[in-house]
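Per-chain numbering from 1; labels A, B, C and D assigned in written order.
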Amino acid sequence: MSHNTFGHLFRVTTWGESHGPALGCVVDGTPPGLPVDAARIQHWLDKRKPGQSKYTTQRREADEVKILSGVFEGRSTGTPISLMIENTDQRSRDYGEIAKAFRPGHADYTYWAKYGIRDYRGGGRSSARETAARVAAGAIARDILHGVTIKGALVQMGSDAVDRAAWSWEETENNPFWCPDATATTRWADMLDRLRKDGNSVGAVIEIVASGVPAGWGAPVYGKLDADLAAAMMSINAVKGVEIGAGMAAAALTGTQNADEMRMGQDGKPIFLSNQAGGILGGISSGQDIVVRFAVKPTSSILTPRRTVTVTGEETEIVTKGRHDPCVGIRAVPVGEAMMACVLADHFLRHRGQVGQGSL
Amino acid sequence: MSHNTFGHLFRVTTWGESHGPALGCVVDGTPPGLPVDAARIQHWLDKRKPGQSKYTTQRREADEVKILSGVFEGRSTGTPISLMIENTDQRSRDYGEIAKAFRPGHADYTYWAKYGIRDYRGGGRSSARETAARVAAGAIARDILHGVTIKGALVQMGSDAVDRAAWSWEETENNPFWCPDATATTRWADMLDRLRKDGNSVGAVIEIVASGVPAGWGAPVYGKLDADLAAAMMSINAVKGVEIGAGMAAAALTGTQNADEMRMGQDGKPIFLSNQAGGILGGISSGQDIVVRFAVKPTSSILTPRRTVTVTGEETEIVTKGRHDPCVGIRAVPVGEAMMACVLADHFLRHRGQVGQGSL
Amino acid sequence: MSHNTFGHLFRVTTWGESHGPALGCVVDGTPPGLPVDAARIQHWLDKRKPGQSKYTTQRREADEVKILSGVFEGRSTGTPISLMIENTDQRSRDYGEIAKAFRPGHADYTYWAKYGIRDYRGGGRSSARETAARVAAGAIARDILHGVTIKGALVQMGSDAVDRAAWSWEETENNPFWCPDATATTRWADMLDRLRKDGNSVGAVIEIVASGVPAGWGAPVYGKLDADLAAAMMSINAVKGVEIGAGMAAAALTGTQNADEMRMGQDGKPIFLSNQAGGILGGISSGQDIVVRFAVKPTSSILTPRRTVTVTGEETEIVTKGRHDPCVGIRAVPVGEAMMACVLADHFLRHRGQVGQGSL
Amino acid sequence: MSHNTFGHLFRVTTWGESHGPALGCVVDGTPPGLPVDAARIQHWLDKRKPGQSKYTTQRREADEVKILSGVFEGRSTGTPISLMIENTDQRSRDYGEIAKAFRPGHADYTYWAKYGIRDYRGGGRSSARETAARVAAGAIARDILHGVTIKGALVQMGSDAVDRAAWSWEETENNPFWCPDATATTRWADMLDRLRKDGNSVGAVIEIVASGVPAGWGAPVYGKLDADLAAAMMSINAVKGVEIGAGMAAAALTGTQNADEMRMGQDGKPIFLSNQAGGILGGISSGQDIVVRFAVKPTSSILTPRRTVTVTGEETEIVTKGRHDPCVGIRAVPVGEAMMACVLADHFLRHRGQVGQGSL
């Protein structure tokens, strides 16, 4: 991962700002012959689209993707696939306040400190609108990964976690939070109503699970599958922590609790009696489910006044009006899925390059 | 990060196995004219060296570094610096058992699944001995970072965390755990004695802090400083989670608690009233302390029998004899410091390349 | 250089096919604060534009560039600059013949052999239309290179070379060939008229010169400035040879003839008494003019029937109708200039990153 | 190619100076299970070794390679292979003169201009001794390329070219020049005797041919096989020009002469009636022989006095004593072969990664 590109063989370069004419990505290294059309990509973009429930930003973007290259007669040609999403609802408004002062918790100050210039409109390049391009790229990545299923869920909002005993993947499709626990849904809806009334926001934890990944993807020791996943998830806006398998809780385990014991499965492959490892050992997939979690901090754009300073060095207070998600973690679910797909597609191709297993 | 290389402008390639003749690294991109000698590197290697207390592996390695290139009359020439550490205490023994069966929690099975061949002696490439090369590279990185101080501490062993009110960086030098809280030290010593007696092991959490990093290092959106730190820490053996600033706990915060408010400092630079962000906003350093934490799982090599399978598909039990750390997290402290140094050195050079600030 | 991206710190990713809706590039790593607007880029694109004289293809493309990101209030922000050029004159016609048979000298067969699918319309990705994106990126690169002047000329058409004693850079602007020797111009015009009548085409040699490059850019030993220039020029469509300084003729020199002797200049810097080295020694610029030449093969699309085979394995003959340049070398001049600019911009930033000279 | 590393999936990092304790390389990305032992590598190193005839430097180096990692029981494990060659004949001598003055034609001045420090002993990092590491890496690359044969020859010394009608690959093994034309051998021997007497040197042209490369390796448009070959050859010390197929002479051809016509072969694959393309079309291999030529300038270290300047700015003359090759082009033959092997191995793995053809 470097600058605005990630991946080695399956490689994605994104571009665009929140309030520019468009945003998009160039997806390079796609195997040829893959079915690619706008509808397949749109399916996943719609999942991330703003304005779909009262719990996400009311900005209205169609997020309609256009394929500009790399596809011929409905199939990938192996050359770069350029995808573009035009911005249509950059609401015309007065940027005076955020042009002059740095919003706490945002990248306003650091962009300015680094570059000496910043596109302050809607956060410019640091806006989460950039993640639409990731989702579009992820849609292509999914189609490379025959036999692999990638699913995501919101497992904690604020300090309220789901009951894992009540987990249902189907349930994630039935509520606006991608919550796998039906009983948590109503509590979370109440929480968000209350926070919105208070002009406040809240953080969340997302879990992404990839099933069907064969043993052997990943590479020692700086191309570890978990290292790439950690970078991929940490690169998503507002993420502050990433866990694989047992994650931070691994610290509290003993060796006997932690190491996943093995027996022989009926198909001649080992089976593991637990999955503390999250499907990755020594940076290489073990054949178990790949389990990644990440924490998203609360939206920094809130209606409660916060102390800050201006570009010219005066102390002031700022209130960030606008159409903001009270819990940006919700829309991070499809983004996390997309990043999982992109990392896995890249590692599948890298593995096939070095070791030569021709197909999944 | 790819294969066995990490970094872009400051670039480190490591090589070597636990029981081969030597291990080492090639450090490329070092600015010219930097004082480099074996003693400066040895200082940091000695900190990581095994066999220094009864709480770490009793393998006796001098870990003496040799400089093979890139240095002339005591200074870096700007060309690749090759460092080599010879293995001297690969105890001659019978590898029969681990040659035949996969140790649970180790990379034995995944290496075999990927490559169809593995150097099983001491874990081969997946051994934590590789981290000596990181520490050597980190020693050079530190010298590039004028004005930056990097310190590490063990902040939790098992479920027993330090009292942050009692934090003393000086104290980390006074005990074999790099523990910043003197009162925790005795509790931890007891814990390890007990675990060792039980043939068991335990995990830990390490915290690395870099002070003096100016605002502006890092790059959107896939070259984020925190994304690179996440990959760097996750690439260390046995790490299962990485946090920046508030980390996973950010999920439980509200927007008013989380966003670090700003006032003007006397030096004309903003000061932050808290550091939930861990010194990074939008992937770019803010001028605050960079704070990273990571969890290390318990040593998988334990004397308690574990169920596993053999290379030929039989079910069996395995006991991993040998000279193992009951808490590998302890020796991960200098490794985490080294990775912080390497990532920062790379980002310093990348920032200087794009934006041109000639010196720290 | 890898896939569809080149450069390390100044990094260009291009996309698009000859007959798709558009083509373009993403320029990443541009220093912030640089004046960037469509008109500055258009200036260079117009130089490469087809249909400007009777000696180049009569395809009519406005080649109008749109800036989609990375620029705010007329200045670069340091984030990726996305440039798009819409295709407007993809003449509707019957592709039946080239869909079925491989045109000799073109990439038709190799794309098909590699990917099993190809966009045959106008050559798809292998069309020289891709070079419009390079010229657009080169326009930005030039603005990074304060004090550096990059000029190109056609120095040989067929076997007819210019008279170097008659060299005039001004003259290159006065004829449709970028020819620096006024007397060669009429000969070349006659040659092209004759070739066109014969349904034939011809090759050419282009020379690109960069003045004002300070000593010190480039890097041993695989980041050599000349190695990167060689790759950059060889990546241009139809290029079959690249020379630096004396080039292939260096083989026939003796040591006394070849090594450029040095004296002291009045400004305290060495001056060289000749420039056989083409401004590069050991992969690093010497402060002299950087001189690169490359040979472009004759256009393979000709009206003379050529023997070939079809996708289904039959032998046949093909005549490539359409609007083709009788000497593609002509329009390669601005492309070569652009590649020189991009390579130098990248090396300037890389040099500044490692060594820290803050400005040109 | 960047800094001291080249390749993407098959990746080589070299290190070491002419007069340091050792030099070597780290070869990363080797497929697992490949037979690798010191003898196989030594075979190719011996071909490049100095002091083998009176026409190459009399420096006596055993160039004995040691394998430090990545190999287990005689086979590659897929982890980095570290190779080391100790320097044994760094003749103790007075470096006073070249420490103070810049040798014309060498990298002395440019290294000093870039870094402000240089290891002047024997040219330091810019010495052709570095190419031993390339040859060692190339030995491994060859073994990855089942079915591919790579051969090299010196085809021109000074202005005296071989007679292609008299070409014999066997003959290249019978003379100290790798000359394929027995009649040229005696002329060249005379030429070198004369030049040595005159304290002079001469350039050369080398041709490298790879047979058996299947159609489909390479990638548009910045990962073109010919672009990577151009960079690889230009990165070899003293190379000033690189040609593919017809090379610079392509400029003088017409379209009818240049485009290689195709017929159907008996094996169902197309055959080409000529090979002006040098086996590469659109950056992708066509199945024909890959033909690359490069020009090596005459050795700059000569006994004839040359005008130069000193580090402190005085004008002076310099005579480069020592044990130098009168025609460095001779020993460039095995180096060019090695670079061809490394580039092809990398492209084989990259192709297999994207397109999935599991084996050669």
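One rule holds in what follows: a residue touches a chain if its C-beta (ideal position, glycine included) is under 8 Å from a C-beta of that chain, and two chains touch if they have at least 3 such contacts.
The structure displayed is predicted, hence computed values, not measured ones.
Ranked by how far their CA centres sit from the centre of chain B, the chains are topped by C. Looking at B-C and C-D side by side, the one with more C-beta contacts is C-D. Per-chain Cα centroids separate chain C from chain D by 26 Å.
A separation of 39 Å divides the Cα centre of chain A from that of chain C. Chain B and chain C, compared by their mean Cα positions, are separated by 45 Å. In chain C, 3-5, 8, 14, 29, 32, 78-79, 114-115, 125, 220, 355 are the positions where the chain touches two or more neighbouring chains simultaneously. Listing the residues of chain C that touch chain B in their complex gives 8-9, 29-32, 78-79, 220, 349-350, 352-359. Residue ranges of chain C in contact with chain A, taken from their complex: 3-5, 11, 13-17, 20-24, 26, 28-29, 32-33, 66, 68-70, 72, 75-82, 84, 114-119, 124-125.
Those residues of chain A that touch chain B in the shared complex are 1-6, 8, 14, 102-107, 109-111, 113-116, 125-126, 130, 156-159, 195, 200-205, 214-224, 226-235, 237, 240-264, 268, 270, 273, 276-278, 280-287, 293, 295-302, 304, 306-309, 313-315, 329, 351, 355.
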